[in-house]
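In what comes next, chain A is part of two complexes: it sits with chain B in the first one and with chain C in the second one.
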Partner chain A sequence: MVLRKSTLMSQARYEAYSAWLFAAPALILLSLFLIGPFFMSLGLAFTDLRLISPLPTEFIGFRNFVRLFSDTVFFKSIGNNFKFVLIVVPVQTTLALLLAIMVDKTRRFSNVFRMIYFMPVVVPMIVVSVIWYFMYNPSIGLINKGLSFISFGVLGKSLWLEGEKTALPAIMILSTWQGVGFQMVIYLAGLQDIPQSLYEAATVDGSSPWHTFWYITLPQLRNTTIFIVISTTILAFQLFTQVKVMTNGGPNDATSTTVLYIYNQGFKNLKVGYASAVSVVFILIVLVISLVQRKYLKSNREVG
Partner chain B sequence: MRKMVVFLLILAISLPVFAGGSKEEVAEGSVEVSVWFHSGKGMERDTLNAQIADFNAMQSDIVVVAKQLPEGSYTEQVNAAALAGGLPDLLDFDGPFVYNFAWAGYLMPMDDYIDADMLADILPSIVKQGAYKGKLYSLGTFDSGLGIYGNRIYLEKAGVRIPTGVDDAWTAEEFADVLLKLQALPEVEYALDLKMNYGRGEWFTYAFSPLLQSFGADLIDRSNFQKSDGTINGPKAVAAMELFQSWFTDGYTKYNPGGDTDMADGKAALSFVGHWMYTTLKEALGEDLVLLPMPKFGGKSATGMGSWNWGMTSSTRDPEAAMIFLKYLMEPDQILRMTNANGAVPSRKSAIAMTDLFNVGGDLEVFIQQLNSTAVPRPETAAYAVITTAFAEAIDNIAQGADVQAALDKAAQLIDQDIMDNKGYK
Partner chain C sequence: MKSVRLRDSLAFRKKTSVFFRYFGMAVLGIFFLFPIVFLLVSSLKPEELVAREMSSIMAFIPRQVSLQNYFDVFHEMPFLRFMMNSIIIVGSIVSLGIIVNSMAAYAFSRLRWRGRDAILTVILASMIIPFESISIPLLLEVNRFGWIDTYFVQIIVFIAIPLYIFLFYQFFLNIPKDIETAARIDGAGNFTIFFRIVLPISKPVIATVAILSFIQQWGNFLWPLMVTRGFEVRPLPVAMQTFFGMQPRIWGDIMAFASMITIPVLILFLLFQKWFIKSVASSGIKG
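Here is the complex of A and B:
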């Protein structure tokens, strides 16, 4: 009896060890590159640290935060992030579902379509951005030339990236196009997880295709949708590459995003302390949004 | 299906290919000099690469190992490398960005390595650009020229006087009249191309701060570089920027030009731009291309100057070797090799004497005249990084119709705040 207990103990200890061992790589990397920097930036936000300077770093209290509240570019950048999330997340999710259903229902060449829709995801964002930068050129770009050709010269005069009103929508279009394939694949997997028996029962009950979609497909995809909405939201808040490559925040800050602003403050204006203060405020905002999303979606999960 | 998904996911994750860097072998007994430079326009980059290859081939004591960084984020990358302690021996800087580096102590003065004869042969504007607090920190193989290119056909049709040198540059009244007459020509879409398509960045400060100086204003009070308020937003500066804004409101220029070729395509009659457009415009307009000196917008002439320049870092292992390579780049033949490729102004008098383009009667003689008389360097202060950001933002907003006084006040506040935060950059 005593012997058995000690074996159990050592086995439990052994399992604990191996659990820590397996978790170690992730834990080390996370604390090194995520948790550590987060607490560092929290501390640096209260200093005047400069990227390159012979002056010693000093503790300056809340000065960075006070300045932040009268910084119009910061508010414009946050606003752009919200605009981007509010439009791109629903549009991209809906589009991904539509594409997934279309690919799922297609009998012939479904593999081909799947590959075509997925291809942009495989191309690195920086390459996509450079290509679309040329396509958006107002005078010689493919998009304006094409629009002008099919509309006999009526359309195709938009300034796209160079116009203050059109620049952010242009980046939204490209981002959706690039990202939608990934969500589509996840939806496809979700669609194929729905038991066939549910559809058979619906057919027997004489359900119309619309009813089947609304009362069987959609509710069955709830968990998939939750995953997609949350992951797209987080990605959308990190918007940087496209903007850095294509507009650098212009024209007149119309496409400036918070991450780009942090980058510019830190590496261009050399104000690392101030950039840290911006990131701290930004993290708090994103944290609140994630918590709200989590709370709301969690209560739904029990139903689904 | 599942397999397919997994396969695609793995593909997506593994795609960012790791690009391995290859390090050149350094032969025994030779010194390695590491060099960074911005990968500029095609011809410029090719020339520098060829120069490095030639230098490595012609002697065996020094091996130059060069690395190009993309121009778009060059300064940011160099800043980050400085912080991480990973700077090379020799690197190039975009004009006045060199001062912040000198102030922060990342650069080594090169006075001891340059003899008086060589110094006397270098354009005064280049020496001025490289000097910070009485020491020489950088040298450029070329300088820039800023002027207005004109289309002779349009100018003659409009019946306006065509200036030939700095001394007879257009006055403010003449320039207003020129714009009016050129705009009236049916074949001209708009009179003046200001290259606003370059976007908010160094161009805005380089090109339009001379307007301030022409009116007697400036970016900052240069007596001690401590205060911008009262200089960048004083009545003279406001007058200069109101003139600038009027070109937009009167329709003489465009905030969103169709592209980079409006002058070459004949849509614009004048182009306010630097030496780098010469080749393109010469190809398009041929003998009809004229280079005009910067008009006396506010009573006196002022124009821009300065360009990429080479500095030696304080972590340089062998300053002698680094300077031997820099002096090779500064040889008149090598300077001409570069300026023939990029169209810039050679930085040594002996090199200028060997060209037709910049000599008396040459197409670009005006640039030399300006560099010797009316060109104003951008402020030689470590605060330059913030000055240019603040002023470029003001220019951008003013061009789009913002209140001039308010835009300049905001710039002054940003600059002075930064100088105060850095205890005067002393």
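Here is the complex of A and C:
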């Protein structure tokens, strides 16, 4: 008995010991390069740290945050992210659902269509930016010429990236083009999870296709939709590559974003403390979004 | 008679609706394809034709095919160097990431130890921290370590990823316990069990993580932009941006450069299409 107990003990100890060995590489890396910097940004936000400065770094309390309040570029940048969310999230989610339903209903060539719609997802954003930069050229770009052609010269005079009003919509269009295939695939998986018996019951009841979509498909896709809406929203707040490459935030900050602003303040101007304060606001926004997601998913579980 | 006509008109209506659906899908297909075709076709055109033909239907038709733009890119810059840098960095991140994340997930899903649940909660919570929000303090940190302008700094920060730990974790939870028990009775240790039994039957989740990580890293831009100065360790996307920023812009060459970043990914995608789609589909299962 005694012997057995001790082997059991040592077995538990062996298991715990090897578990720590298994987890150690990931735990060390995550604390050094994710959780550590996260707390660093919380701390640095209350300092005036500059990367190259003869003056010693000082704790300045909430002064960075107070300055943020009167920083018009900051508000413009974060406002652009919100505009992006308000327009791109509904448009992209609807388009993704539409594509998924069409692909799902199609018997022949459905794999080909799915492949084509998904293809932009694998094209690196830097390449997407370059292609669309050329296509948006106001005088010789494909988009203006094409619009002018199909509208008999009525459309096609837009300045796109060079216009203060059109630059952000232009970025929205190419972002949707690149990203929607990803959401379509997630919707397709959601559609395939809906039990066939529900549709059969609806057919027996003589339900119209529109009715079936509204009362069966859409409610069944609720969790998928919440996931897609939230993840697209968070992605919209991470907007950087397109605006950095195509407009560098211009014209007149019309396409500046929160991440571009963090990059410019922290990396270009070396104002690490100030950039960290912007990062903290950024994290808070993402945190609130995630909490909302959790709440909605939970309430759904209680109902279902 | 009447019922036959009714049936005919129903069949006709169904046929037209199928036709319109295919038509709509084809139009959308063109919308998703034309920028990629435009890129590849332009890269094959002589420089003087790229801009001249880019506003007409000729933008999609290579009348004169030449590889001159590609030769120019190789001639003007150390393109192969950039390509090699990208392959080294992305290859290391993907392969090390699979090992490190799956090992951690194994400890969380199959072994009992004190602190496990608390640590797992922290890791799952950290999934929502966007990399962009910690990039500045992270830069400060690696700068102190003296790691700027190395492969190492571009690899090390992207190996352990909470989302990938979570994907492995979910998969491991569903592996039946008997498989391990049998091996354990035979005297196998945890390392043997993990590398010889668990990993070999985890190919689906390994493929998922490899593909998601590859798509993400091949186009990764912000971090290499901050930590590379010269061309020695610079990956393709940052080199592309530098080239794109040079005036005057040589459009044909830029298109050739952009094509060469894209073609390897497109080939992989066409070869492993099913796996790509499966990976993305399973990344969405959450909550």
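Just so we're on the same page, the second predicted complex is superposed on the first by the 264 of 304 C-alpha atoms of A that agree within 3 Å, B and C clash if a C-alpha of one lies under 4 Å from a C-alpha of the other, contacts with A are read in each partner's own complex, and residues count from 1 in each chain.
Note that contacts are C-beta pairs under 8 Å (C-beta built on N, C-alpha and C of every residue); 3 or more make two chains touch, one makes a residue touch a chain.
The structure displayed is predicted, hence computed values, not measured ones.
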Is A:68 touching the first partner chain B, the second partner chain C, both, or neither of them? neither
Mind working out whether A:51 is in touch with chain B, chain C, both or neither, as first, second, both or neither? both
Have a look at where A:29 lands relative to chain B and chain C in the superposition and call it first, second, both or neither. second
Now for A:116: first (chain B), second (chain C), both, or neither, which partner does it touch? second
So, A:216: does it touch chain B (first), chain C (second), both, or neither? neither
Of chain B and chain C, which one touches more of chain A's residues? C
Touching partner for A:91 - first (chain B), second (chain C), both, neither: neither
Touching partner for A:130 - first (chain B), second (chain C), both, neither: second
Report for A:182: first if it touches chain B alone, second if chain C alone, otherwise both or neither. both
Contacts of A:194 with chain B and chain C, given as first, second, both or neither: neither
Once the two structures are superposed, pull the chain A residues common to the chain B and chain C interfaces. 51, 111, 114, 118, 121-122, 124, 137, 140, 182, 185, 188-189, 244, 263, 267
Mind pulling up the chain B residues that touch chain A in the complex? 1-2, 4-5, 8-9, 11-12, 15-16, 73, 75-76, 79-80, 82-83, 100-101, 103-106, 197, 199-201, 256, 258-259, 385-386, 389, 396-397, 400, 421-423
In the complex formed with chain B, which residues of chain A make contact? 48, 50-55, 111, 114, 118, 121-122, 124, 137-140, 159, 162-164, 182, 185, 188-189, 192, 244, 248, 250-252, 263, 267-270
In the complex of these two chains, what residues of chain A are touching chain C? 12, 14-16, 18-20, 22-23, 25-27, 29-30, 32-38, 40-41, 44, 49, 51, 99, 102-103, 105-106, 111, 113-128, 130-135, 137, 140-142, 144-145, 177, 181-182, 185-186, 188-190, 223-224, 226-228, 234, 237-238, 240-241, 244-245, 259, 262-263, 266-267, 272, 275-276, 279, 282-283, 286-287, 290, 293-294, 297
Residue numbers on chain C that touch chain A, as the complex places them: 21-22, 24-25, 28-29, 31-33, 35-36, 38-39, 42, 51, 54-56, 59, 100-101, 103-104, 106-108, 111-114, 116, 119, 122-123, 126, 128-130, 132-141, 143, 156-157, 159-160, 162, 165, 189-191, 194, 215, 218-219, 221-222, 225-226, 236-237, 240-241, 244, 251, 254-255, 258, 261-262, 265-266, 268-270, 273, 276-277, 280-287
